[in-house]
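What follows is a set of structures for review.
Presented sequentially are two complexes of chain A, the first with chain B as partner and the second with chain C.
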Partner chain A sequence: MRKVLVVLLAVLGMAGLALAQTTVRVGVLLPISTVAGKAALNGVQLGVDEVNAGGKVKIELVVVDDGNTPATAVPALTKLMTVDRVDIVIGGLASGVTFALSGPVKQYNPLFLCIGAASSVVEQAFSDYGRFFHYHPWDYHNVAAALEFFKHLYDSGARRVAILYEDGPFGSAGIQTYRQQLERQGYTVQAEAFKSGSGSFTAILTRLKGFRPDILYWIGYDVDALPIAAQTRQVGLEPKLIYGAPPAWPVGFEKNTLSNDVAGMTAWLPSVANNESRRFVTQYRRKFGEVTDEYMAPMGYVIALSLGKAVEAANSADKDRIAAELAKVQMSTPFGPLSFKPSDTGRTRFQGFNQSIWLQFQYLEGSRRPVFPASRAARPLRFPGNY
Partner chain B sequence: MDLLLQTLINGILAAGIYALVASGLALAVGVVGIVNFAHGEFSMIGAFVSYLLFVWAGIDPLISLGLAALVLFLVGAITYYGLIRPVLAAPELNQMLLTFGISVALQNIALLLFGADTRVVSTSYQGATIALGGISFGVPPFAAFVLSVGLLGALYWFLGKTRLGFAVRAVAQNRLAPGLLGIETQQIYLLAFGLSAALAGIAGVMLSVMLYASPTVGFAYTLKAFAIIVMAGLGNLRGVVPAAIILALAEAFVSTYVPGGGGWVEAVFFLVIFLALTWRSWRLS
Partner chain C sequence: MMLAAVLLLLALVLPGLPLGQWRAFALDTAQFAFLISGLALAWDLLARTGQLSLAHGAFFGLGAYAAALSAPALGTVPALLVGGAVAALFSLLLGLATLRLHGMYFAIATLAFSEVMRTLVLKAQFTGGSIGLPVQPAFGGAYPLGGYYLAVAVLVICTVTSLLLSRSRLHYAMAATRQGEAVARVLGVPVVRVKLVTFMISAFLAGLAGGVYAMKTLFLSPYDAFGLGRAVEALVIPIFGGLYTTTGPLLGGLIIVSLETWLRLRIGEGYLVVYGVVLVLTILFLPKGLMSLFARRKGARHA
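What follows is the complex of A and B.
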């Protein structure tokens, strides 16, 4: 009789748990054929596993590929909204794609958890949309973080900056601001446009040779990384630092000796020393058998965890109640503390991270190591570098 | 003076890889008479062959050159036999649409297999330079230039000194008459298209060393190859190297001497095509 009672209680307990569990379907809209998109998806899945294991919330993912182009992303979002009937979307990695999504998002009104899209143009596009939660810092945060590093370099003796920028929206949008800010710091600046993917830099680098830059700062894409590193040496430019700002780096670049001493900016590396980061790395390795350098992985993880917290607190699958709880979330993450405030410009209401998450890294001996700010550096910056 | 010399050497060395890509295209246009928009994608396959051999077996890309040429010869031959041959008698527009379709298909197959990532190989000589007085240049572009001149020399020799080469030239000049003399026209086309793809594959290996491997790496070089064969005269192999040098020098001088000229590279490319076509039409009128 006693055994029967125990079993009965256990069954009732499980049933109660099941009743208390809130289930939400979440659309994930990412460029999953790219390194950053795949990393983001892995991070989201890892976070969802952790949330679901807690038992109180069940997140079901519906994953679609945005193809990294607006032409694919808009119909993919429409499918999520009309066929899959999701109320919450995680996505918006590339700025151009997210900008194109702003119209359809406002039409279908999901709770939109934006993982990337740093451009202020996106901030403007979503300024009148109340269900927009932007986790990634905005471009002016990126500029502020980079300028802090350049100030450090100025203090270390750098005086001339040559900026190579790709002549599309990504490279040329903030170039005048960069130039003015660097000149305000005391730098002499020479900026040159280039065609991303052309592979031909020798002519521009030859032109820059006469300028004798201390820092060669290039704003372009992963396709430009190796040609710039190689051709800088080939024309004998010899800057003290090659600093790159692509959205992603080429696969295998760290194994190439030409990457040695090349510096860049990221929001996270596996070697970042905080408890949440270490826990993330351990879990990621356990699930995927490897660890990634891509900060979009922990960003996806943070989004899934914060969503789980909000759903649990709301105790409901209603997107507005979840949004209200998400606005109150405070949590530790691999990037540091997360809470939502209005953006610096006041255009959007829910901004997650700011410039404080950015760190500067340098390729040293086959991997990226944090070198700035000093509080987060794993190794001292090699300046001047050997190119 | 050093700047001028450096610009000259930059331009001439850049011409090496341009000529390597364009020579294969010139062969396809000149012999088979088909405008192959998928030529750059053959280079892309060569770049991936080099990358995969490097990653899987640690094989240096320079050793991969022969294998990539062989693989691309087969890819070219299969493409010709399966896709090009049935449309040889069709209007030129159909042929162009077909090769454009092959280009899109190959890019998307690569995207499915490898994703959109940029991949790089790592060799000891990628950053190697040669310094002569006040000027310096990279070993890989120099090697690409030497390779290009060597391969084009071998191609001229093949076309000018061997019986098979004579047959190829005969077919290039007239599609019907060589057949009446017992030359297997279809086999010549197959050989020429295969050789064209093999040259693109070799160029692709050099691209993997100098730039990267990705589904889109060949596209820009297809455009440059078209500019070069237009300048050289469609199908004129002898004009390929001079035309490549003119294009590369024009780009180098604009990038070096015009402020902000790096963003004008595509304008230079279209200007060169425009001038070449205008000059040709004026000369013919």
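What follows is the complex of A and C.
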């Protein structure tokens, strides 16, 4: 009889838990065949696992690939909205794709939690949409963070910057603004365009020898990292710093000695010393067997956790009640504190992070180490570097 | 011919079919598939003269940009025509300079043209440069199915043009040019003029498809509009469906775009493996594309 009572109580307890649990279906729309997209998806799944383990909220994910192109992303979002009938979407990594999604998003009105899309064009496109939560900093935040670092380098004696930028939307965007801002800081600037992936930089680098740059600043893709590092040495350019700004660095770059002293910018590294970052790293390693350097992984994780908090506070699957609670969220994250405020331009109402999350790193002894700003540096910047 | 008619009829009635919750998704996918099929049909027209173009991605992009820029002043349909006309004008300039080249030399020249166009659009201020260009929806978004039927219209125009050309005197001149240019010239075929006219018609159709594409995606960037991927798509589809035919590129485009979308939904990042295997198997066992299946069946029936 006693055993029966215990079983009955256990069943009732579980039923009660199930009744108290709020279930939401969330669409995830990412370019999952890219390094950043895959990292973002892993982060979202890790965060959802943590939320679901809490027992009060259950998040069910429906994952679709946006193909990194509007022609795939628009039908994929339409499927999430009409077939899977989700009310909440996590996605929007590339700016061009996210812009193309702005029309269908406004048509179907989901709560849209935007993981990337730094371009101000996207900010403008969503300016009249009240269910748009943008976690990633905008492009003007990125520029501000980089310029702060260049000011520090100027104070350390750098005077001449050679900018190599890939001749595409990524590399060319804002190049004139960068140039003007650097000149305003006192730098002499020489900018040269290159074709990403060509592997041949000798001619440009040789031409730059006459300019004798203190900083070689390249804006391109991961495939350009090694050729630039190698050929800079081959032509004897000898800058004081090689500073790269690709969206993702080549896998295993840190194992190559050519990466020594090369610097760059990121929003997060596994070595970032705060409790949330350490917890994220531990759990990520437990689930996936290794740790990624891609900051899109903790970004996805933060989005899932903040959504879980909002759903729990709303105690409802209604997207407007969840949005209202998300607007009030204040939480610690691997990037630092998160809360939503109107963007700097005032165009969008719910902006998560700003330039304060960016940090500068340097490849030192086989791994990326935070070197700037001083408050977040794990090691002093090696300037001049040995190239 | 019959298959093409059935496919076009299906495209017209698709919005009225009982597709349930899949309706909106099917219409989105179909719209992109129609536009890419239209581009493939346009590419195939020039291929009938023996010229391998890698400029059709650029014509698609030029049409997209021209339509997007002129739509606010002219309205949707005139803007689309402007898009086609701009693409045709550029094909005239390119054709005058390059149509005496053959094989890979012509292909490389057209590839260079695409790169030049991408760079110009990237550097120009009025195109939005590297930041990209927001685009108005078709008819200002007033008709929910407006964009869809524009895509159907583009597909119909491309199909009808292809059919008419395959029944015209120009068709024989095109085939003769492809099979032996020197012989054709001796027989009195104005080879360069034939290629030039075909190139312009083909570019006009590609530009038309690009214009509707822009009004669907609502945003253009030089990278997306002038990427090599679209040029490759334009030639892979006719090879998959069946070169020098009307139904081949039409069928190939609908199958390839739908298959790609479906595979992405079902197996995510592994889709490229299946997609690649399907293409390789088709080329290995059906070197003349899917249309050879129908030819074989017809042959068997006649035997």
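Following the convention adopted for this analysis, the second predicted complex is superposed on the first by the 377 of 387 C-alpha atoms of A that agree within 3 Å, B and C clash if a C-alpha of one lies under 4 Å from a C-alpha of the other, contacts with A are read in each partner's own complex, and residues count from 1 in each chain.
One rule holds for everything that comes next: a residue touches a chain if its C-beta (ideal position, glycine included) is under 8 Å from a C-beta of that chain, and two chains touch if they have at least 3 such contacts.
Everything numeric here is computed off the predicted structure, so don't read it as measured data.
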Partner chain(s) touched by A:L226 [first = chain B, second = chain C, both, neither]: first
Which of chain B and chain C A:K287 touches, first, second, both or neither: neither
Partner chain(s) touched by A:R159 [first = chain B, second = chain C, both, neither]: neither
Contacts of A:K38 with chain B and chain C, given as first, second, both or neither: both
Which superposed partner A:F194 touches (first chain B, second chain C, both, neither): first
Chain B versus chain C as contact partner of A:K341, first or second or both or neither: neither
Partner chain(s) touched by A:R379 [first = chain B, second = chain C, both, neither]: neither
Touched partner set for A:K255, first chain B, second chain C, both or neither: first
Partner chain(s) touched by A:F99 [first = chain B, second = chain C, both, neither]: second
Interface residues of chain A shared between complexes with chain B and chain C: 33, 38, 167
Chain A - residues contacting chain C, complex: 32-33, 38, 63-65, 67, 69-72, 74-76, 78-79, 81-83, 85, 95-96, 99-100, 102-103, 119, 121, 124-125, 167-173
Partner chain A, residues of chain B touching it in the complex: 3, 6-7, 10-11, 13-14, 55, 111, 115-122, 124, 126-127, 129, 131, 136-138, 140-141, 207, 210-212, 214, 216-217, 220, 251-257, 260-263, 265-266
Complex contacts: residues of chain A adjacent to chain B: 31, 33-35, 38, 68, 164, 167, 192-195, 197-204, 206-207, 209-210, 221-223, 225-227, 229-231, 233-236, 248, 250-253, 255-258
Complex contacts: residues of chain C adjacent to chain A: 21-25, 28-29, 32, 36, 119, 122, 129-132, 134, 137, 141, 213, 216-219, 221-224, 260-261, 264-265, 268-269, 271-272
